[in-house]
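Working notes, structure below.
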């Protein structure tokens, strides 16, 4: 996969089982997408302000293979897949060292901030995603 | 004090120390304020939509006297104090049974959703708060 | 489906898109499971303390059909399915009124709190789940 | 002040007012303390595992001077104050560029993980804090 981020686990992300609570993983995926867009030169707040576009989550899948503990540093690897002019997805793998702890997938589309309607993926994103993948 | 709510602790609110993480208490206070407004007949989403008013938090104080555990049911007692035409505060006490676990205070003002400027407390709130306190 | 809970949306669960942030849905599912166990007479903190058993999440799937807004009241309908002596799952549907907003599924197993090993589903749970389904 | 960290705002930390929800600030303070301990060579998970010591929050104070928006990068400056052999506090200031957005303070003590009793601040922490302050 073409891109990864590193991330410490925060104490407030743990639960009374002593490990990261499962509801934080979709947040890690969101952080990954944020860094991914930033790497493309299109930080999400710019997408929202300049392109008047919101990226919407349609489905979320997480496979929790092994727990993650406070004090561990995770590496999230992922990539985008453009399905057609409207829909795209991200795949994610979370590692601690070489140990695969989690796999995940999210599906998305774009909507206009102005009227909430589905719009085709902005060409600014499509062009740069093409560029990233080479 | 004139009003209280009951609330179960959710597992996702615990941390690896086995107790409620401290960042959840401001959320409990917010739930209290929400129920307080609802009891006044002014649910917060109506304040936002009908009065175009946001309630802003200026300061937060929490005194964590004893931890709260998963499986416990908390009772939040609190009251509003109108300081002047712009500013008001809430005091809170969190109990488990008769055991006082937490004290807190928040200070607030109102802003216009349209332009973000500070506005005087809407008379719809003032009138009803007066009514509640008798 | 055999069981449902009602739940107000908290302001702190919204995001800058003006709707419930997607990472809260797994928390709503967890609340549902908590109430489900309680209805069985087996609140989760008792499962943990008395049976020394943790319920672990293996997979999470959420289909976000329509957004949920602050001020709305959700009804979560769901049911448990026992797959075999080790594995079980929950299906969820989230409604606002009669409007289906979200579907979800989680898969689980049980582990011993003492040693972290997978154990068969405690008979206390199996018996009562059987009872609930009739 | 002697130490600072930088931190991007995550989208999931915003609320429907379009700014960072107030309950995230105590989490930023916790992140600051985590990095502070790490800089001392005493990461918090080591404090917990090696010294069998938990750091407990006694009071929290936050003054929200101006909102923080998605897309902004915050810089948290802070310092520790040792009050006596049991109690210590942290002061925090959150900046965006040179603009002071938030001030805060937390008070703490240490407890034994083994029995939950208050203990004096471990000398490993005291020595290094002394070192940091010179």
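We just call them A, B, C and D in the order they show up, numbering each chain from 1.
FYI, a residue touches a chain if its C-beta (ideal position, glycine included) is under 8 Å from a C-beta of that chain, and two chains touch if they have at least 3 such contacts.
Everything numeric here is computed off the predicted structure, so don't read it as measured data.
*Asks:* Pick the pair with more C-beta contacts: A-D or C-D?
*Replies:* A-D
*Asks:* Measuring centre to centre, with centres taken as mean CA positions, what chain is farthest from chain C?
*Replies:* Most distant chain from chain C: D.
*Asks:* Centre to centre, by mean C-alpha position, how many angstrom separate chain A and chain C?
*Replies:* The mean C-alpha positions of chain A and chain C differ by 24 Å.
*Asks:* If you average the CA atoms of chain A and of chain D, how many Å lie between those two points?
*Replies:* Computed value for the inter-centroid distance: 27 Å.
*Asks:* At what distance in angstrom does the C-alpha mean of chain D lie from that of chain C?
*Replies:* Computed value for the inter-centroid distance: 33 Å.
*Asks:* Find every residue in chain B that makes contact with two or more other chains and list them.
*Replies:* 11-12, 23, 27, 30, 70
*Asks:* Give the list of chain B residues in touch with chain A in this complex.
*Replies:* 11-12, 14-16, 18-19, 21, 23, 70
*Asks:* So in the complex, the part of chain A that touches chain D is made up of which residues?
*Replies:* It is residues 8, 10-12, 27, 30-31, 34, 43-46, 48-49, 69-71 of chain A that touch chain D.
*Asks:* Using the touch definition up top, name the residues of chain C that touch chain A in the complex.
*Replies:* 17, 22-27, 30, 54, 56-64
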